[in-house]
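These are the structures, in structure tokens.
Two complexes are shown next, each including subunit A; its partner changes from subunit B in the first to subunit C in the second.
And now, the complex of A and B:
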């Protein structure tokens, strides 16, 4: 095919209108142009707040990890259940996500930017109009939302997009639907393992089935709390996580030996807030999850006995351990414990108890198999086999080693009759950005452009139109 | 310059005799792309086995440089599928008009422009938006008017408002029932009523079947209003019928079954798989059995030749025979006759006997193997060592000894069946009713050896009883007649001395006569013993049998009477044996 010829429009049905896809999550916010295969802009949803010269300053993006500013505190505009709580800050974080990499900041009024000397009487009044230039004035915006987003939050979202950002067209799509689009399915059972939540969304013909939507807080942050509980109970001595910014130098030590590191200390007036340390500890824990933590691949629970008669725990113990070195140089090989920290996602009895943890202990109904059962119970029986044959796994925490194997075994155990088929992209980016990619596909389809809520429609019908259009 | 031929001539060499030493053909290996000529020369003839290609941007083919660059530009466009005339921008070739428009506007698109694109002020291009034609909606029936609703569609279960709500949903979700049922939330709209909070209406949960039923009813009615069923086209009529015949209860049952099927346990699934496997095995076995049997039959049916063999005595005759046989073999694909050893059956008359012998030898083996698998393969008839079995073992293995065996196959159940057929029709009916009373089917469910034996016994005793009853009835009627006669006589000649004494022997003879005339000898014996030898017991028993049987006939199956009857029959059979 000659690359200089445009493909016939019917060949792939794409028609790009330079739309921006914004996929806000609890941990990260993804933004990029529709039609691309990965979000160009990936920023943490957390933001930093500190005081400098008596003024409150905000830090967005990856910058929050870099400098431990005095008394800098870390916040998240999104609540634990994935619904926005602080709308002002959510707007700022989201705006940063596309202005920083995608649209760029608009040049201000040349008369007002302080570089030009203009006599006061020459200040043209019609420039006021240009002042109103909005950050998204020429890009339609597709945003995602969790399936359980309340109507009020949806209306607030379109209000921000239309009035604050001035987008010409807007659409709000459920991230479950988009994740199923990303794997090329119009109907699927989407299992999204995120940072703060895991959710099960049955999707039929590109629409969610509300009665089947289930979610529970056993996401990546819960796993982190389990890891902390494990570290507290560690046998020679409890492991403390010291983030990198507190280490000035370290020397290598043998496994299990106390760390020998020089610590950096901050005087009380210069030290950042405790939430800053928590955020950076979380980064270390993410690394730990990526390198060490493993899901017992099944069949059966970790506490059950395997087919050979030996208990699964014995089997897990016999696999070689995985070493991990903490920022302060302390290192240890993690054996069967690395299976235990995630076992409670499937088997609530295996949860490591930690009374001091702010995360409440999980209940049986919050585990993944129970959620799936409840979700399928909420949809029509005729489509259940079809959903089970199209299970889509997405979300960053689903990248835990062995997760899909275990999920497959659990599903086969729950539903021995119908065929169970899991589709989980092997590519890390596709798994992490599943819903963004689906949005990217959707917003670049020629047939989708009739779905946008235009500014005119918004003005006519008000924010309530989002309920009617984005079903 | 002298040609080679001339030199040859001069040197007196044979012309082209010797092949010239092959001129070392210069192997011009193609220089791989990406290597400069100089470097390639340095490498010599045998290039190292490594790829030195580097991927280079190829650029445009040369001829394209001459072509004019066609520009792309960001063009605004409006989508006809939208009603608000939103203008978005996309990249397009600048002179799109020079190219023929790829998607020709079809009927549907025109329709949409009529309804959708009227008020759009800035029409950037005269061309239709290519994707607008995909904006299609499911066809839903015309919305009813108030009058139509009141006349045809009223329902106790569905209010007008809820029906409207359902129809709106159906339109909105394009009849995707799964989603309609999922989003159906009618109660919320009732909340607008002022007293909704005071009297909370019971949350009415509509199932998908209820919705479908209502919708199909409306759709069918609307269809019928538009075209009366007599004027419908075939497709419309079929649709109308289909919609009218929707049965929500059945649909619900189906879904329940589907749910059961879905929620089977692992054991059930495994069992089902096993059963299916078993079924497959059985059917394949059956198939094998049938083919084997057919093979056997074809073996048995080989015509026995009785022609004289003299003509095959000579070698010529033999070879001719071989020829004909081969011919026959070719024409008829009688592979089944050809055993695995490839023996050609000769029509001389010797092989057929062998074949039949073989067939006979096989018959019990195969039947034993196929039919009596349960009874145990321990009794293959070809077992060489004769082992004497204890009676217990015989019973276990089902070995029986017969005095005389009839030829052919017969079913045990047939034999049992035959017992229930008496000579006369009346008798057969009586037998049948007796069996029905005992709750024993005419045709035995499980005609095992023992069951058959007992059945035989039972039939015999029932026969006996029936006979006894007949005799008893006869005797009774006789007594009645005689008694009446006596009364008559007594009335006539009251003063005459009673002559009772000679009556009794008379009765007895009558009874005997009746027995002899109607029954077999055993029955007669029994009645004899019943009436005379056992004295009153026989009489009593006959009475009892009668008395038990008559009420039972009235009220169907009475357990107690049945047991009485059977005990009686047992006794009588015992007596008979004696």
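And now, the complex of A and C:
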């Protein structure tokens, strides 16, 4: 009757109390119950901060995209390299991700929530027990981490889970391993194209091969910076992105004509911070990536000459352009440029230079082919063919149109001998939530029971136990 | 639950029934067991039934839809679906014992009184109908039903017929019902979220007991999107363990709306009391990601707040603003419509005549009385008063219908004379308009029987407002936490975000064309239209004129959007709300032409491209959206669920609890609940695991609800 039903518990030999799987990323944080096929809760890792009535207020979740607040600034507790920088806020964001949709907020004392007027002496005593309850008191928690997560950060993570959230059992798994589990493989070369990072993780029998782990910052945010660089150079005029919140209405204009929109202004003391604008510009850019940007599918680079003798760029030029309209009504057809903005993921020379950009120009070693080469160079020769036959592509930015085709061509060029086989789920959700889905599978396996670090073990051995148990 | 006052059936003459009896007595009228038995028994899937459970029947299905303001409930599915038969305010009052909750506010009074020793001596019946029983009204009385609100006198029970037989004086603690305030009330649901579990459970128990279903009654609950997985488990546990139901399920409210509309893919905007939910449903699956859940400040209350802000300085109370919002003169005008007498609006002071008029009951002096009958002339004040206060004695002793008819006649003639000449002008051209304000006024006259219980009457008067009545969706000035331009813009932003978050890009265009706006907050006149207007202004893409004029091959006749008559027109006023530039352009055509190279002369339909390249091209659907935006219309199969049904008919709002009467398309969620109830419990009988049985519960515990929940 309802195809969205989660997989039956029987299929997974699931547990009665389903574990919570938390997959924190740079751009989004995913959380859901183990055994389900998609995370129930998907929130931005970004959070908003503003002042109201002299108090600092925090905004979590999708609300930051919808409601501008006075002088709101946007922050991210996770650093550009995917490692947590602000632990206090990371804890809050993560907690929001599962309390908002899964476990509910801690049951605050209803007699104190301001709705009820009850004299203090009448407050029932049994409520106090509930107040002690922690947000995850009855759910085991499986969390994911990047393969290069330092030991300090891992210990801090288990500390939060055990002490702040009171989880009875905990496990920390590498997201590369989980992504390979999600495609049903115990050994794979996982190529994860995220927002702030791209990473190559060789996984063998469910363990990462540490020496082969490579990562570089050429993720979705880098592509955004390339698109911005393109907009700056755009002719007939540079394009500025004006997010929807700054526009009260727009008028239809012809392609390439200056926009005619009614703008909204906010008083200087109330206008949201530049970081808020950047966040919302990013949303327009994601739409642009979805609708316009395309990866030159190969074979060969965009700058190379094709088999027919015509240059690839000429070929790309002859394909129909794709129109895009900006929030202010400006619209334009994007031709070959839409290939250029992503070309530097593969070919560093094609990067669109932008000296003003805060994002440093990429180096050759950061491109995907080089990373793969370096990664495979770090693993045993014997298992290389096996890894190449099991390339798993995951991460939201890998959904760029034509990405897997190009990757396939690049891999075949790099490694002409062994059979290269890419497995990339066609389903958008499976691609975006690869590591979460792997975690969901892992945590619901009956055999996973002995892997959990229980509260008791944590109390006995301290936070360091995570290093021993979660390899 | 300790002592619970009985429900009072709306009709005055109706003999008092005990709480348990009343719904049972009423229910046969609609669920009619005779008819029920004639109905063909649905096929029973014995193989899939996990226990030897007898099949469920239409008349034994309990639907409960809790909301922040009202909890809708119904036992049994009628032949043709109707709006919910019972409405319970979602609030409870702390009971005598700590931790217990009563559905009504009960006040203690210590005094020596003549108590009636009849039935229910200790409690008085609520003068306010807390539970609306449509059956009782429609069947019970003709002339005194809900349709003539002004004539209805709500009498406390203490003085009804049986109370008069034997009375004796005794010092006693007297409990009386307090209708005028809901002071001390506990609201279990705030912003859709269950914030207070004990009172929520008490509410469920109250609803269950009031409807008193037989044992073999499955329950279908409509769940708020904001409820977490754990919330659903707690409810499941409570329902199975407290009510011992044979089967239970929770259905997401957005999904229920879809069932009501009978469409697989739509974007649902549910405007509640203080929050709104925006959900994209594709192929009957709500998209959890990017869903706008319990958006604060986007409910109907936001509009009331705005009215209070505008009219508060003129002496309007919140209750007045609330009723103004519900009246048919409050309207959200389409963007760009000039306000009538716009220049005067800003400085419009209180009507001097109204300010001068101090006639009226005590307690009302501060309130400006509109220049209705009451202020026509100084001497007429009493006339206006008489209109509200009915001579109770006359009703009790004499023939009710006759008496009320007489009053009504008098009133209409009087009103006819006072009616302004602008009568026929459309609302949005009138600078001022009046609405009927109803309130409960304590009746302090001398001839009140010394029963100790206070009497209230429903008092109606007319209040005039200026152009403020068109400004209810404009942004609040006071709210410091937001910078947005009112609730329509917040909703539009959320809709945009929700649709863009739908992973299946090919569905987005369809979603924009299938907006469903439900929830009582959307009943304000012009709401849907204005929301479409905001979306059009901000988000509709302009199909670049160059592309269209040059690229439409002449072989293509410009098709009408999805073909003429079948086009679902937007709610409310006629005339589809397209972007001018997009008018008459098929979205598919837009997509197709957008894919064509501006220079290459392509053959129609096939985007001209190198054959090698074709594999690398996106499907034509994957373009930017929206090219158009439309509202879906509720199918006409259920005449009771009409758009703009009889709502806003003069006097459709009934006093402070004014949620009776005139429920229509905005309650499509409940219509869907009834359909779902029939399909999953009666037709399907669990063949596709459409509900959780007691056996499932016993085996797997409350968390198994997620395997069944329709969400």
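One rule holds in what follows: the second predicted complex is superposed on the first by the 432 of 471 C-alpha atoms of A that agree within 3 Å, B and C clash if a C-alpha of one lies under 4 Å from a C-alpha of the other, contacts with A are read in each partner's own complex, and residues count from 1 in each chain.
Assume a contact is a pair of C-beta atoms (placed from the backbone, for glycine too) under 8 Å apart; a residue touches a chain by one contact, two chains touch by 3 or more.
As the structure is a computational prediction, the values presented were derived from the model and not from experiment.
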Which of subunit B and subunit C A:220 touches, first, second, both or neither: neither
Partner chain(s) touched by A:385 [first = subunit B, second = subunit C, both, neither]: first
Which of subunit B and subunit C A:18 touches, first, second, both or neither: both
Which of subunit B and subunit C A:319 touches, first, second, both or neither: second
Which of subunit B and subunit C A:418 touches, first, second, both or neither: first
First, second, both or neither for A:287, with subunit B first and subunit C second: second
Partner contacting more residues of subunit A (subunit B vs subunit C): C
First, second, both or neither for A:210, with subunit B first and subunit C second: first
Common interface residues of subunit A - those touching subunit B in one complex and subunit C in the other: 4, 6, 8-9, 16-18
Subunit A partner contacts - residues on subunit C that touch it in the complex: 94, 98-99, 184, 186-187, 190, 195-199, 228-231, 283-286, 288-292, 295, 335, 480-485, 490, 493-494, 496-497, 500, 503-505, 537-539, 541-542, 544-547, 579-581, 594-598, 600, 607-610, 613, 615-618, 622-624, 680, 684, 688-690, 700-701, 703-704, 706-708, 710-711
Complex interface listing, subunit B residues touching subunit A: 60, 64, 79, 81-82, 84-86, 88-91, 93, 102-103, 129-132, 134-135, 172-173, 176-179, 181-183, 208, 255, 258-259, 261-266, 268-270
Sites on subunit A touched by subunit B in the complex: 4, 6, 8-10, 13, 15-18, 138, 140, 168-169, 204-205, 207, 209-212, 379-385, 413, 415-418, 445-447, 449-450, 452, 454, 456-457, 460, 471
Residue ranges of subunit A touching subunit C (in the complex, touch as defined): 1-6, 8-9, 16-18, 33, 36, 38, 40-42, 50, 52-53, 57, 62-63, 65-70, 99-104, 107, 110, 113, 115-118, 122, 124, 244-245, 247-255, 264, 266, 270, 272, 283, 287, 290-291, 294, 297, 315, 318-325, 327, 329, 331, 333, 401-402, 405, 428-429, 432
